[in-house]
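Each of the next two complexes has chain A plus one more chain, namely chain B in the first and chain C in the second.
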Partner chain A sequence: MTMPLTPPKRKNPLKRTRLPVLPSGIRSRTAHLLTQAAAEGRFALPACNDCGAVHYPPRDACPKCLSPRLALKDVSPAGSVAAETIIRTSTDAYFRERMPWRIGTVALDAGPAVIAHLHGDVSAGQRVRLALKLDKSGQAVAIALPEKETPDMSDDPQLRELTLDPKFRRVLVTDARTPVGRAVVEAMVKAGAALVFAGVPESWKPTPGQDDLAKLKGVEIHALDVTDTKSVQELAAEIGAKVDILINTAEHVRPGGLLERRGVQMAREELEAGYLGLLRLAQAFGPTMRFRGADGVNNACAWVNVLSVYALTNWPAYGAHSASQAAMLSAAQSLRAELRPGGVRVVNVFSGPIETEWYQPVPPPKVAPGQIASAIVDALKRGLEDVYVGDIAEDVRARLAVNPKAIERELG
Partner chain B sequence: MAALTKARRNGYEGVVLAAPVTVPYRRYSINSAHWWIGRALRGLCDAARLSPGDLDGFSVSSFTLAPDKAIGLTQHYGLSPRWLDYIPMGGASGVLALRKAARAVQAGDASVVACVAGDTNHVDSFRRTLSTFSRFAQDAVYPYGSGGPNANFALIMANYMKLTGATREDTGKLAVAQRDNALKFPHALMKKPLTLEDYMRARAIADPIHLFDCVMPCAGAEAFLVMREEDAKAHGLPFTRILGSIERHNAFADDVIQYRGGWVVDIDELYAQAGVAKGQVDFVETYDDYPVISMMQLEDLGLCAPGEAAAFVRANTFTVDGTCPHNTSGGQLSVGQAGCAGGYLGLVEAIRQLTGTALGGQVQNARVGLVSGFGMITYDRGLASCAALLGSA
Partner chain C sequence: MSTSGSLATFASALASGSIEVIDLTHTLSPDFPTLVLPPELGQCAPFRIEEVSRYDERGPAWYWNTITLNEHTGTHFDAPVHWISGRDLPHNTVDAVPPRHLVAPACVIDVSADCAANPDFVLEVSHVEAWETQHGRIPEGCWVLMRSGWGQRDAKAYANLREDGAHTPGPSHAVMRFLVDARGILGFGTETIGTDAGQAHHFDPPYPAHYYLHGKGRYGLQCLANLDKLPPTGALIIAPPLKIKGGSGSPLRVLALVENSRK
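So, the complex of A and B:
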């Protein structure tokens, strides 16, 4: 039985903040196959394209037939715990602070035996499902979870180290005025966030639904304009030390490629709200979040970017916007590396065209704002790093994986 | 293609082991592995009254030589061997060095091989060795609690106990007997008597592994010479014969958790090669990184039936004067684990026992001794296993 978490007490400002230390993040290049699977929440192991044997740990030749033709393959996560132990001494600073720590050997139905972290509700002899997740070092690890949901299972301390659950955490939604932003605020409240800071640019300007937002329990409205350095810095000074999860929903979408536009004004606005907005937020909130990566139950843990899937490959119909999104994606990769020492994860949510006014002439399928909000909650609860929302985003990802040139020609 | 025929194992006639050397261990050392190995080489020369130039074969085992390998050591020590080997294989180092060196001497590729294992232990060496021990450890073990071998062997021990009904009292009996042996051995780091009650009440490290199941990492070196019998006689050196030996790696890869080692595959051939009836030995030196692994070896080496080690332990005594003298110098559990030298400890002790030169307790009328090596847990199990039967001259 998992002990349910109790809401963390108000932090004593005189107490020293525990500095983040990370579990070992050194992996072989081949082992990053698992990082790829964990980032998307898949359970997959290396398998041989010639003889089909599934193996673990990752190798560079098949241990059954020596073939070098190996690839990640989705396999059944079902298995049973063959043995378990409770580690009470460790040579590693991260685990030393979190002792005792349970691990076990899981005999997978798919074949291999996997040394894995054990959820508190599983023990030797039991059937389990294994999941690949990213740990605080940002690398993939396996954890054995109960076969079926158990009460409060996400509160398990070993599991919570691997997820980014909004429960009892404080969330900043940078632009609560966009349809997506509003949906995300509501979803965070529902997911058990202790407090949601809802950023509102140009707060003097009335927008539909703003009053409803203010009435929501656990929501605080704050002036925040990501295109204004001073605004971002002022808010960071006020609430920066309380932001455990930052969700950047600021956007500025305009149609058109490069040739239809006169001058660079529109592109500049896209960059101001997009790339430079991300930069301002990163500089104002990033260092404090990185510092607070091990700050108790409500430590800083996640930074979420909502991006267009056309950050990955340009869609000329929205060509200039795609370019600004690509800049944001590149910045997000840098941010990912820079926040990693604090154990803070950068989650990129890639969406197809959204049901908003700026995508009005685009034919369906389109993504409802609520879909993006649910995907973010799901990503945080499962601890994902890359999320694709909606059929278009999935389609773009699949086509890119097969032939990037084909999709480039087909989009243009 | 037709099945390959299996070659008959040749014997080791004319090749002997001599000059057992131990460089006294220390818990921590500020010296390098090079210093420890150098002292062992000097110890070999002194014991056999040879000059460094006489050593025309050199086999070295160490984990802490980085960035050097064996070749760099030739210049370091001013040696010019015509046969050189590097065996950084932990608990299997001793028997593997013996096997290779013996064949080199037999074939005339070397006249005398200095076999040396040594490691240093700086204050932070152990953590560094653990985190970079192998690719599989780095990818698939160390990030899981970083409990080191204690956590791995905890899983093996938990499974072994469930499978065979062995209890902590059984593993404790071995550990307590080894401590008794160690109290007579001058180089043992553990000097205090150990009772079964102490063993049972020790703090848990990684359940069911408790404190006295664990070896103490330390600095030290062990060495011996492999040479022609006629040369040993000419130098007046007491020597030991090699009756037979085996090695087997990554056996039973499909066992979900290790409960047997590679010895099982070849053990009958070992006794046949040596002309010794199965299990009929005067003493046994097992690789005791954990007592449960010694229990596993008692089965796999044919001292008792598979799964019967618990009954065997209950029916026998394991001190030097016991019914089954075991790890007669105290083993790694009580002497200390000096890295790769841990894989030499039992072999060097067996040479002493069979030449009547034990530094601690001497097994009376020791004619045949069994030494086994085990090690290199790169993922979830010890990959290397090996054994040798040695006989008095």
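So, the complex of A and C:
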């Protein structure tokens, strides 16, 4: 039985905030096959292209037939705990602070035996689901979860180290005026966030539905315009030390490639709200979040970017916007590396065209704002790093993996 | 410097305070509303300020910023080239405005009570005629400033946006023709975001202030502050826009010189 989390008390101002320390962050390039799977929430292991054998830990050659032709393969996560042990002492700074820690050997139905962290509700002999997750270092680890959902399962301390659950955390949604932003605010309240700071730019412009948002329990409306450095800095000064999860929903979508636009004014607006907005938020909120990565139950843990999937490959119909999204993606990768020392994860949520005004003439399938909000909640609860929402995003990703040149030609 | 002559008298009046200097300018700040157009059109960039250095590693002994804004952000000046009706006139850009136009007297028409009662208040010829019976005929070459009280509103009430657009006061086409043709004014100034009313898009012709003023080579001043501190006549306006090559307008500091009645 997992002890349900209790709402964290207010911090004792006489106590020093503990600095984040990380579990070992070194992996071989081969082992990053598992990082790839964990980042997307897949359960996949290296498999041999020649003999089909699945193995663990990742190796450079198939342990059965010695073939070097290996690839990640989705396999069944089912298995049983063959043995368990409790670690009560360690020389590792990260685990020392989190003792006791349970680990065990899981015999997978797919073949290999895996050393894994054990959820509190599983023990030796039990059937389990193994999951690959990213730890605070951003590296893949395996955790054995109960076969079926157990009460308050996500509150397990070992699991919570690997997830970014909004429960009892305080979330900043940078632009609650966008349809996605509104949906995210509502979803965060539902997911158990202790407080949702809802940013509203240009408060002199009427915001339909703002009163409804303000009425939601646990939602605070704040002036925030990511295109305005001063506004970002002022909000960070006010609430920066309370932001455990930051979700950047600011957007500026306009159709057109490079030639249909006269001048750079619109592109500048896209960069201001997109790339530079991310930069301003990162500089204002990033350092404090990185510092607060181990600050108790409601530690800073996640930074979410909502990106167009055309950040990955340009869609000329929205070509200039795609370019600004590519800049954001690149910045997000830098931010990921810069926040990692604090154990704060950068989650990129890629979506196809959204069911909003600026994609109005685009034929379906389109992604509903609520779908993106649900995907963000799911990503946080499972601790994912890269998320593809909807058919278009999945499709772009799959085609890119096969032949990037083909999709480039097909999109324009 | 000579101690006699009109400039010397003026300087001593300034020094003694018998001539007061009043600032008619709103502070340039990111929060100040800008003109709102349908989003598919080009937009008026709001004021933004980015620090270059502040006595730090980026510049140890100095503080300075980079600012970005539209020519029509904050308290600003409209040159004739701003409107299509003025596009072919000579000297129609801010850099070509004759310097003697940058200092001119002002007539201030107070319609703040009407505007408080009706945000869509439209200034008509009758209002100007009523003002003239009280204060005399509007002289040629002066600014006419419409005092609506708008400058004292908070940002939301200032923009006053509704589903059908902005609701802010402004002039009718008849009054603009009257002021431009019959009175030969130098320009028209307002406290609101534009020289035209918020709903002037629906006037016939649309945007009469812009159309008539600029079509006849006259100027606009908007987002003015402190018009309540000006007398109906007798104020001298100093309004030199930045000398932007080919510019259509410019943010500026607008000053008014006023005889101090208490001195």
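FYI, the second predicted complex is superposed on the first by the 412 of 412 C-alpha atoms of A that agree within 3 Å, B and C clash if a C-alpha of one lies under 4 Å from a C-alpha of the other, contacts with A are read in each partner's own complex, and residues count from 1 in each chain.
In this section, contacts are C-beta pairs under 8 Å (C-beta built on N, C-alpha and C of every residue); 3 or more make two chains touch, one makes a residue touch a chain.
All of these numbers come straight from a predicted model, not from anything done at the bench.
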item	value
Clash or fit (per the criteria above) of chain B with chain C on chain A	fit
Touch count on chain A, higher of chain B and chain C	B
Touching partner for A:Thr227 - first (chain B), second (chain C), both, neither	second
Contacts of A:Ser90 with chain B and chain C, given as first, second, both or neither	first
Partner chain in contact with A:Gly296 - chain B first, chain C second, else both or neither	neither
First, second, both or neither for A:Lys205, with chain B first and chain C second	second
Partner chain in contact with A:Gln265 - chain B first, chain C second, else both or neither	second
Partner chain in contact with A:Ser28 - chain B first, chain C second, else both or neither	first
Touching partner for A:His117 - first (chain B), second (chain C), both, neither	first
After fitting on chain A: smallest Cα gap, chain B-chain C, Å	38
Chain B-touching residues of chain A, taken from the complex the two chains share	23-28, 31, 56-58, 63, 82-92, 94-95, 101-105, 107, 113-117, 124, 135, 137, 139, 141
Sites on chain A touched by chain C in the complex	202-206, 225, 227-231, 265-266, 269, 272
Of chain B, residues touching chain A in the complex	126-127, 130-132, 135-136, 138-148, 150-152, 154-156, 158-159, 162, 203-209, 253, 256-257, 379-380
Interfacial residue positions of chain C with respect to chain A in the complex	30-31, 33, 36, 42-43, 45-46, 48-51, 155-156, 158-159, 161-162
